[in-house]
Amino acid sequence: MRDQWFIRGRVPMTKSEVRAVSISKLELTADGVLYDVGAGTGSVSIEAALTVPGLQVFALEKKAEAAELIRKNKEKFRAETVTVIEGTAPEAFEGLPAPTHAFIGGSGGNMTSVLDTLLKINPSLRVVVNVIALESLAEITGWMKDRSVDGEITAVQTARSRRAGAYHLMEGQNPVYVIAFGGEESPWAEES
Amino acid sequence: MRDQWFIRGRVPMTKSEVRAVSISKLELTADGVLYDVGAGTGSVSIEAALTVPGLQVFALEKKAEAAELIRKNKEKFRAETVTVIEGTAPEAFEGLPAPTHAFIGGSGGNMTSVLDTLLKINPSLRVVVNVIALESLAEITGWMKDRSVDGEITAVQTARSRRAGAYHLMEGQNPVYVIAFGGEESPWAEES
Amino acid sequence: MRDQWFIRGRVPMTKSEVRAVSISKLELTADGVLYDVGAGTGSVSIEAALTVPGLQVFALEKKAEAAELIRKNKEKFRAETVTVIEGTAPEAFEGLPAPTHAFIGGSGGNMTSVLDTLLKINPSLRVVVNVIALESLAEITGWMKDRSVDGEITAVQTARSRRAGAYHLMEGQNPVYVIAFGGEESPWAEES
Amino acid sequence: MRDQWFIRGRVPMTKSEVRAVSISKLELTADGVLYDVGAGTGSVSIEAALTVPGLQVFALEKKAEAAELIRKNKEKFRAETVTVIEGTAPEAFEGLPAPTHAFIGGSGGNMTSVLDTLLKINPSLRVVVNVIALESLAEITGWMKDRSVDGEITAVQTARSRRAGAYHLMEGQNPVYVIAFGGEESPWAEES
């Protein structure tokens, strides 16, 4: 889904290519429950919900302004399976159905506590994290080492064309680290 | 979907991140018809079919070895909506339902003739092309200029972690150019 | 040399990393003559001159505003071996000593005619070209094919850290294509 | 300088583009003293020595096989100002002239102790570090935070063309993080 389709305000948003890669790595299932932690504009929640009908999505966001945006986007895209939760993770998880999948696009500085809580609720949770700061990358690789979590880290850097007369100039986008780990064994997992 | 889930043989394959970005940019619809031209292992066809139930997918491939791989992958993933067409584009399009979407991952050197034929069949076709050679990139940007096609070009370069003892080394992947254009106006297109 | 050391005005400038890679690929020699075609702020001319004492550098620039900037930078860095030539390539080459090395950072749309003229003057010229537009890349790869020039093409994409509180965010820079070819056989060329 | 000019054996080597960027960021001076810590094949030492005549270069390397390679490269390139020191940093620094510049391309796992020792010897040392593992990147950003060192971090990712018939395919190289900090105030530092 194109970035400009979403109602955005001034809230930072996962770019379409990184969103596509992240949702792909989530390996969502129709009977699953996705937590989108630090949901921002809700673009990941909404694209996940529209892509996988049946999936229950909880978009958690502590900032009122962003939560309001998610509600607007939910309405625009008629994403009925998205529930907006205004609150701080991990406290805001209480009372929700246990997740099968989690996307963490922003953690407000307590990423490791969020991850520990999520994995306590469901040890075979499938997790995808996006980080852009090197210190956050260090935090998550440190946490993976401490918990003996074996994950895949992918740096995604794109450049997008911009028209200038008859020319296409390529504009570099900010690199994003996409960390993925965990999850149930896939039915397709046997090496081919 | 992970690359290693697919049966691959020695046929080159679109990598998972680029496949996710390409399928996202195809903006597939449940009532659509996708041509996957130069389908290779069929990974794009199969991931598209599994992601969008209802979509009809035609995987066109001229090499017998590759076509056989696609059939095996179709069976493995029970991708009933994928039809394998062994033949050369654009001739092999004859007799097929008109496409609404086309992915071109390999064109055997006649990309522009394939594109011209596809757009004659359906002028509002949504097209996504993957190229890795600079000369193919020049061919498609030249074609876009000649036909006054206004498209979006995205260079996607990823690096994937490889474990070496306690370390994650990042290994650079080959950059892929993802060109996208055309398509019906999206119901969500009004700028937000 | 850091970008902010140069007097810049509003003239676009090769970024420090790409400048370093380009000057390295020029393989300059102390008894050489470098043409910097479309010299912009003169940053390549000046860094080349300061790095290789003895090298004669001709900074060619057709825009008066940019030529004035180069003169200011020449003065700031006391780059005595840089001569500023205000004029249009290839006409402005007339009367200058034959080049041994050429850097083309901007060609005002007549890159192939500039290259043909340069190689007529010195067939064993060492050339490095920077392009950012895909159409310019197509022009140069097309020219290389027509002239049977075997060159090396390197895409350089960097991301630079920006401090945000205790965090380093990585900001993507625009990718630049650095094309290098020609030159005398290096005394070090025997494969090791 | 081209990678293939160096005698290499099986020792890993900084690639030419990253070497050029790193040497540029070292901001070497003719009256300077460079330590190349974990010198590998010695390519950085030798290119630095040839680029800046007058510079004293100490190539420190703990592995006998690599030290032997550096000696061979020193001889091939007649790099008289390079002194090979076989030993482990930081102990091997003893007895050497104090450095004005240091390049760290490999630290054998004690990077922070090497950095602390170097900055004790010369607090206004100019330092450039190359890391490829995320854990090493975390170590150095953590060290910078602890010591309140304000540095610049640049991720460099290149793709190099490979000929395949009439086509140039771009092959992704591994991303390298180039960290630079410290040094005397440059005479050119006043913002332009």
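Read from first to last, the chains carry the letters A, B, C and D; within each, the first residue is number 1.
Please note the rule applied: a contact is a pair of C-beta atoms (placed from the backbone, for glycine too) under 8 Å apart; a residue touches a chain by one contact, two chains touch by 3 or more.
No experiment lies behind these values; they were computed from the predicted model shown.
Distance between Cα centroids is largest for the pairing of chain D with B. Chain B and chain C have CA centres that are 38 Å apart.
For this pair, chain A with chain C, the centres built from the Cα atoms lie 42 Å apart. For this pair, chain A with chain B, the centres built from the Cα atoms lie 25 Å apart. For chain C, residues that reach two or more other chains under the stated contact definition are 134-135, 141, 145, 153, 155, 157, 159, 161, 166, 168, 170, 175.
If you sketch which chains touch which, every chain touches every other chain without exception. For chain B in complex with chain C, the residues that touch the partner chain are 134-135, 137-138, 141-142, 145, 153, 155, 157, 175. The touching residues of chain A, when paired with chain B in their complex, are 1-2, 4-8, 16-17, 19-21, 23-25, 27, 51, 76-77, 141, 145, 150, 152-161, 163, 166, 168, 170, 186, 188-189, 191-192. Of all residues in chain A, those touching chain C in their complex are 132-136, 157, 159, 161, 164, 166-175.
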